[in-house]
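Can you read through this structure? Questions will come right after.
Note that the chains take the letters A, B, C and D in the order they are written out, and that residue 1 is the start of every chain.
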């Protein structure tokens, strides 16, 4: 059994990680840390875990994280980079669900995240954990940067087109919509039900932190800078991301066949039949990404629809998938969840 | 034109009051105070008011409230009681949308609200602003205690039965459900969309602050203590209260006729036809209370269904209605709003 | 492996049953019937099942249901009673998720359901499938009447009180609230999102079909007729039932200990700590019923809060639980689902 | 008083029209027709109108529509074109809220709407009722084609850019999202709350009927064909459209000043401050369109955010605005509604 620690278990990615790990057949949960809630039973804070998780939160000091095989950081940005060095030196493998190790260019990271990076040398060795792209490097990773939620949905949607060199890289558009859980379990006014329900808005049009992450991924894929307009929106619902992607075709191809072929062996990417419109609820609570590719009226614009559950494939589920790869387990272990619909 | 001041305009009852006052034909809005947001244009915080309210928030010091004819307190509990004396002495009439003047028994108030009362002598003279019960006293009120949201829906539902002496006063049950806006515009986790949407729960079963208020109202009405079980619940929606009331009949009457007769001349109580089930959306954004009375299977249990918009008839709308009465205006002035449905 | 057939797989209880059976380790799904959609791949209608169910709907004629070990009827009322005889005679065990076999008094059933009963003799032998009450009889059942959603939540809440003879049976009140999926997957106006969202209403106050079912259950338990007022309400959400139960205590007891003791060994009933308010989301997608018991202000009224997922413990999950008992499997098989929250 | 008839008052645009007309100071409502519901009191079907509309639905035959000054068609597509001729000849002015007169190219209309056009000669004289574009022609219109909901939001957003010749007309993208009320009050499965809530999807990517309408409007504006990709999406909420528009700049301009200048005198278009992200709830229940214009990272892509209430500015409110213009009333008459927020 893999000994697992979770740092920061009181947010949505944390509790979702616990939901998945609680049923994972190859894992023994050792400790879940929380500075503010040490001493509280996890199941008292999250009654949905009653009968599944019987640990209490402990302080980071009281958790013997160095004795774990892997530690997940389900923390705000800027935490993992301060604690990873010591754990890595102790032979613990790290999966960071926050952004500390996602951007290779440390100066760029510092600009978008507004703080100095505490462990640039770990950025250099960190592996970006998008299994559909980096499965081999993930196997050996000591520090794994789990991708952001929007970047997962957007990159999986553009990937086959860019690999095949089929689209104008100067003019990509990603119009993305996320459920409110993506904003985290923080006491803030703008995500109150009375503010965010029965309404819809864009945000961060001037620049969102996931923009450089997506741009980096697409540029690495294409070998050249890409021009991307990324507009996130807040959906009046709990879970789910829907990315609507627009690109101009520069070559001819059977797009449906291209996507199906690219993802044929991927356990967690489902290319829908031609003409389909994937709904976010069809992946609710599961690690699946469903994608449909369209070419409206046979023109030269390709429209890709890509949906994930932001807390699963966009966070905790992908983290478990990465752990499975890192430790040589069945990639599906603990992720055999039928989406909950309706 | 009546000169109006609003203290504490940044919460939901405050912004709702502004929505109503902005179109009120007999009112001139003088000042809207907020300690924390002084200097901010009201319409910057609440873009729905762009073009309707062009004031900025001011500090209470900078607002010449003593020059107003009436001041509304849309503040947390415990604020109005500290500021009312001075305004009353200056000849300003007070409408408190919070609870400071609702409970006649000051000791009881202090027990439920957990603070010492700063103006017990004003409690003694304050008028409880349920127009359907107290219209005459309201006319002359200097200090008006605007009823709570649950108490409005529950009292209007029980009122005809108790006035007619038709029910067992020992065993009243009020099972009430409220939209999340009732919890106010405060940054808290439990009312985040991701927490409160697509879910439902009771709260405060051991005792909710509206219990003594309702009990006081029903006891005054019946002239004896009443035994009331009151259980509030949180609905996964923004606006609306639905009170489902249960009582045991101790006498015979045509209940439908009783309710229709009692409320025939009330502009803001609508007795639905026999057999109806009022939906909260049928009063959305309006000052109406809709009531239906049932006697399931002809037994001795009467079930009353009473719905209001908690921010209108349960708060700001009733406050405007009370102001209209206090100043001799048409009771409907500024409240001629067709409910928004769907 | 138990050979399973599902009749009527296109409604919400049907698709939920498929979600649960798809992962059940002891089951082989043989056929899913639908008159209207025969030939359609199940996963085309329900994309959430892509990769999990690869059958197509077949007509009842084309499904060799007589070769199954058990057949689930996830059909409208009135279907199972016409098909059960033949299957039972062929040695197939029946689990009816509709109401055909729930009411022992056939005349009463006919009154509430508005049709003649086609198999009264099967009613006589049918077992009411509430495992917490009838586990032993369930083991041998040939025809199992799976309880209704409201009746499950209400009976589990009242059960310990009635068994202990602690409450006045003349004056029980069940104020119950259900998510919209309880109304089924039928094209109707009143359950459109634009009608039912952001609103709340009671319905069926004059009499709902679950009333006689609950009354029968509680009367059998107490050995005498009970006086029950049951008011169902429609919640603006998808899944979940919350029953708020009121009764007058006629004796003294440690209610918390009573409930904990009664349900200590039940795998799917969770008695919450004293003072708790269970939220429906804490059981979302799972077979759990969570219950809290309150005695407000130490008076003589007991308030029980009981929550289930109406599609799981209130329908498909309880059906699987019953099947597990009937076939001697681990009662938890296929039901090891951590509730999905948020 | 203008004598008004409404044909087809049982859908969402119909009931919304009644909400607005009920308070309109210059209007006398003569008749509301419905074949299916003739004889039913309007307020029985729509209790939100109790006390505001006391008419019953009548059959088209029983309504003396020819005696009206104006008749609104809040009907499905294909109805108005059959009845307009007779009314126009009787001197009645027509406002069609459906699509019968929106597309000038009758063959194109027939292709998208799948029926033969019954009154091509009226198409030729019909005026497209976007006041911000066509106010002068609207004054004299006998047949007014009220714009679609998406076309209103999209055209108002692109209009200043296209008039100024600032964008590449070959590559316009309109990613639009609508609340479910846009699908109408029809009994269908896909818009049930249990299907459409807590989920999000695109639809009609291959081609939506509003595409030719938007394309026609933008082409007329620019004097040349435009290349537009239009993707509509279904939001899990009742009211509101948010259009996110993308275009490539071909020239330099102060975009904020351009938009402010263009709409300075428009009563129902509000250009938000630079950097703003309009929320649909800020226009809820009102006739306002709010627009923000962005140029992310100072690049050559312009992003316009445009929000309306689909039932008001996207349907019934714009129809009333057009009527006001046609009859020389204050354009704001009956539309002085403060948006309902929260």
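The definition used in the following text is that contacts are C-beta pairs under 8 Å (C-beta built on N, C-alpha and C of every residue); 3 or more make two chains touch, one makes a residue touch a chain.
Quantities reported herein were computed from a predicted structural model and do not represent experimental measurements.
Visitor: If we define chain centres by averaging CA atoms, which chain lands farthest from chain B? Would you check?
Guide: Following the centroid criterion, the farthest chain would be A.
Visitor: Looking at chain pairs A-C and A-D, which one is connected by more C-beta pairs in contact?
Guide: By number of C-beta pairs in contact, A-D is the larger.
Visitor: State, to the nearest whole Å, the distance from the C-alpha centre of chain A to the C-alpha centre of chain D.
Guide: Each chain reduced to its C-alpha mean, chain A and chain D end up 39 Å apart.
Visitor: Taking each chain's centre as its mean C-alpha position, how far apart are chain A and chain B in Å?
Guide: Whole-Å distance between the two chain centres: 45.
Visitor: Could you work out how far the Cα centre of chain A sits from that of chain C, in whole Å?
Guide: 36
Visitor: What are the residue numbers in chain D that touch two or more other chains?
Guide: 12, 181, 185, 194-195, 197-198, 236-239, 278-279, 281, 284, 342
Visitor: What residues of chain A sit close enough to touch chain B in their complex?
Guide: 12, 179-181, 183, 185-189, 191-198, 236-238
Visitor: Which chain A residues qualify as touching chain D in the complex?
Guide: Touch list, chain A to chain D: 171, 173, 175, 177, 194-195, 197-203, 205-207, 227, 229-231, 233, 235-240, 242, 244, 246, 248, 275, 277-281, 284, 294, 296-297, 299, 301, 303, 305, 307, 342.
Visitor: Along chain A, where are the residues that touch chain C in the complex?
Guide: Touch list, chain A to chain C: 12, 15, 19, 22-23, 46-52, 181, 185, 197-198, 238-239, 270, 272, 276, 278-279, 281-285, 288, 290, 311, 336, 338-342.
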